[in-house]
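I have a structure I would like to understand better, so I am pasting it below and will then ask my questions one at a time.
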Amino acid sequence: MIQMFHVTKAFGNDPPTLMDINLDIQKGEFVFLTGPSGAGKTTLLKLVFLAERATRGQVLVSGRNVARLRESGIPYLRRNIGVVFQDFKLLPNRSVAENVGFALDVIGTPRELVRQKALKILKRVGLEHKANVLPPKLSGGEQQRVVIARALVNDPAILLADEPTGNLDPALTVEIMDLLCDVNARGTTVVVATHDASLIERYHKRTLRLERGTLVSEERGAKAALLMVQG
Amino acid sequence: MIAAKASYFARTALGGMWRDPFVHVIAIASLAIALVGFGLARIAGAQIDALVSALGGEVELTVYLKDGTPAEEVKKLEAALAQRTGGVARTVSPAEALGRLSEQLGPQGQALTELGANPLPWSVEVTLPPQLRDLASLQALAQTLRALTFVEAVDYGADALERLAALSKGLKLASVVAFAIVFLTTIVVVSATLQLAIYSRREEIEIQKLVGATNRFVRAPFLLEGMVQGLLSAVLATLALWALVTWAAPRAAGMLGFLALPKGSQLMSTRLMVELLLLGLAMGLSGSVVAVRRFLRV
Amino acid sequence: MIAAKASYFARTALGGMWRDPFVHVIAIASLAIALVGFGLARIAGAQIDALVSALGGEVELTVYLKDGTPAEEVKKLEAALAQRTGGVARTVSPAEALGRLSEQLGPQGQALTELGANPLPWSVEVTLPPQLRDLASLQALAQTLRALTFVEAVDYGADALERLAALSKGLKLASVVAFAIVFLTTIVVVSATLQLAIYSRREEIEIQKLVGATNRFVRAPFLLEGMVQGLLSAVLATLALWALVTWAAPRAAGMLGFLALPKGSQLMSTRLMVELLLLGLAMGLSGSVVAVRRFLRV
Amino acid sequence: MIQMFHVTKAFGNDPPTLMDINLDIQKGEFVFLTGPSGAGKTTLLKLVFLAERATRGQVLVSGRNVARLRESGIPYLRRNIGVVFQDFKLLPNRSVAENVGFALDVIGTPRELVRQKALKILKRVGLEHKANVLPPKLSGGEQQRVVIARALVNDPAILLADEPTGNLDPALTVEIMDLLCDVNARGTTVVVATHDASLIERYHKRTLRLERGTLVSEERGAKAALLMVQG
């Protein structure tokens, strides 16, 4: 589903943020992406939905080489990818339900259906009672769950979640992770960037570890978690 | 799906104006100002035209006849002149001419009526139709008339006519220059304001694009907003112009009574309103097109 | 600490303009437009004044004397009139008057010179000083003159004078109205633009307040920015006016030659420049004051 | 240093976010504030630096009743309180060093001193090499450390840190927590709102637990952490 061959990404003349990345994530897989702050996790995810373009190398999404995708093709790529942004990116002057429905409006879904689907997914993240509130009036964790709801609302083929539980308490973290596993079980390819060693230990999934722009290890569960804490 | 999108665009455009009225009020205000400027320039232009042709209406050609021209020849000439120029010809007897002159001269004139013999000749006055009111045709006409048998002299106030032409040209030029200045500068301000309005929503555009909106999808509500702004500002401008004209016209007429201005209501033609509407739409739309283009590279 | 703050304000203000030139360019542009409008209105006003007093310079009073007034009485009257009005008095003989009249009448006039006797009286023409050029003083003066022994009639072109006064009043009013419209609307746009400029930086204001800035501290750089904007726009407006006047004045003079316009350079007085500068400063500053006040409640 | 007596906070007509809160945090103390998402942690911190005002009750900071403080007195209160905002609140168009120096500019510190102090504190959070970069070009964890640096740059008497390690990897989390402890050891009163049970367990500090707007328990270390995970 997501493949990278010798991918390098450099911003301006700085030393490259990502160097010679090779990876292959299968359709329907659930993968953790970890590594210290500034290692390049967010940048790697951005290459997949073309918020950034690779400086060198090939990025294949669903078998298509997105490095060659024209500007006008980007929207259609993005419609198949749900993204939980690390910095949320919620519109402060639209209600929670409208923010969640945004991804559906874009593909021309009728209004009632948009609201219906938005409310359904908000219920799954435990926020149906906040549907008509503006985001600045939500707590940090509530905002984070709105972003997760928005990423899931149009049943994307790929879900990229960047630090989706950074503002959630342990109980909610488990709930949200269970939701992501559930979505994954129904066929969505899921990539979760996280710092949380306990998640990696508990869910025992394939874990890619980035360090200063290169993939340094690939383990599962406790072993991966141990590497993190030692890191 | 198309219906859903259209409804979404309409809701987004109106919602955007409702949610953030501030920037839209500014955009509408500056558009309306540009339109009022345009309307004033149009009205002033029309007034100058009317004034010039009203003053031009006073352009007369006087043909002085030789002493001793027979009365029937005078009548003939009158008819011939009327036919030839397509204007109105009128014979003035020496007595009438002396009466006018003494009236014109005021205190000095009294002396004239005390003269024994009337020294003034017969003459024919021709009020010329519009197409002959320029200097060139007048000169040509005078040339031919001077060659006629009983004609002593031809007078057509060349001086006054030249001045009038110069004045009209000057006024037209001044109004065009003033209009161009107002228009260009307001266009700059309007498009800048619209850009600022969109600039203040670049976050929204960015997020739309991140969740898979095409450029066209992002653009549509802004263009719709631009059109709505254009329409609203045209309505505003029409009202403002109407108020201005209704308020100012009678006052101006009172002051400049001798220029015979038309009534306020006549100044605001339906045609002008339609022009304002179309111009408003075009400016709103093109302003948004320019502005959106600048901020769509996210 | 005060020096540090002042330096911080200066850096922040200039830095803000440098970092986000877009909104500032708009604010400066609209301020400059308002100032150009002001400058044009001032120049036009001065021109109207000059025009009116130039036309007023032609205001003359003619005193027609009775037939048979002795020559020494005429001289005496001339001297008395000159002294009394403070103007210039000049005696016109019947011969001179007839010559002028025949010249004025053109073809018709030739007949006059063929008359045996000259029917015109002696007269004294008085060119009046500015303070006597209004209708009321003229009427009073004419009244007293009419009572003098040898005076037959007094003429002072009441009609022309009334028209002139009406025209000047009308032009003044029109320029005041036009100026008021331009000025008010641009004030609205300018303050709105400045508000928009600050609106686009409300995040910055919020954060400043969260880290312990006083309202005064937040406000200072914006006020400084407003002043710098005002100054820059005044400079811009001066340049634009200068270019406009240099370009337009000779053309206008060519077209309206008979009105004798002054040269372009004379139109831009130092005083006008100072006025533009002060007005720009005041508008920039007050615009920011209003705008900052609106967005300081965070 | 921070005392609350019967404090209630309600937004509009919603049910109160905080209800009858009573607490007393001593000068020089280090306190964790925990509780599920939406419990009211951020709101409670906001009452201290007057980003919100209590609906009822008394809030005392350094012995002064801030509930009665006039608008014009707020800036002087805030200058003694460093705040790590959960949503960062960095200016996107100012460099990292300028953002950090912001709190010093406000009190009229000379320019060179501002830069000097900013660089010094940036070094302590490991970001001296990013001093001249704009925040949008930083990774999530880097931005979070900039906010921490800004909160600490003017040696505040009180430090309120709202989820300061949500975007940090385990190694950095330890570094930052050690920094906070160090600051605390030098006399600053520190309140840290967090979801991270491992922090609470490891640092063994007094831990206030909020649930749906009320303080429900006060434990230390492992016991408090256990309550969280059970939560």
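Just so it is clear, A, B, C and D label the chains in written order, and each chain counts residues from 1 on its own.
As a convention for this text, a residue touches a chain if its C-beta (ideal position, glycine included) is under 8 Å from a C-beta of that chain, and two chains touch if they have at least 3 such contacts.
This structure is a prediction, so every number in the text was calculated from the model and none was measured.
Asks: Quickly list, by label, the chains bordering both chain C and chain D.
Replies: none
Asks: Spell out the chains that contact chain A while also contacting chain B.
Replies: Chains in contact with chain A as well as chain B: not a single one.
Asks: Go ahead and note the Å separation of the Cα centroids belonging to chain B and chain D.
Replies: 68
Asks: Centroid of chain A to centroid of chain D, CA atoms only: how many Å?
Replies: Inter-chain centre distance comes to 28 Å.
Asks: Which integer distance in Å separates the CA centroid of chain B from that of chain C?
Replies: Distance between chain centres: 24 Å.
Asks: Going by the contact rule already set, what residues in chain A reach two or more other chains?
Replies: Answer for chain A, listing residues that touch two or more other chains: there are none.
Asks: Could you say which residues in chain C touch two or more other chains, in rising order?
Replies: Touching at least two other chains: none.
Asks: Could you draw the chains as nodes, link the ones that touch, and say if you get a line, ring, star, complete or other?
Replies: Here the contact pattern is a ring, one closed loop where every chain has two partners.
Asks: Every touching chain pair, please?
Replies: A-B, A-D, B-C, C-D
Asks: Which residues of chain C touch chain D in their complex?
Replies: Interface residues on chain C, with respect to chain D: 1-5, 7-8, 11, 19-20, 203-204, 206-215, 217.
Asks: List the residues on chain D that touch chain C in their complex, please.
Replies: The contact residues of chain D facing chain C are 49, 51, 72, 74-79, 83, 85, 89-91, 93, 102-103, 105-111, 150.
Asks: Contact residues on chain A for chain D in the complex?
Replies: The contact residues of chain A facing chain D are 11, 34-39, 41-42, 86-87, 137-142, 145, 162-163, 166-173, 195, 197-198, 228-229, 231.
Asks: In the complex of these two chains, what residues of chain B are touching chain C?
Replies: Residues of chain B touching chain C: 22-23, 25-26, 29-30, 33, 36, 64, 97, 101, 105-108, 111-112, 114-115, 119-121, 152-153, 155, 163, 166-167, 169-170, 173-174, 177, 181, 185-186, 188-189, 192-193, 195-197, 199-200, 244, 248, 251-252, 255-258.
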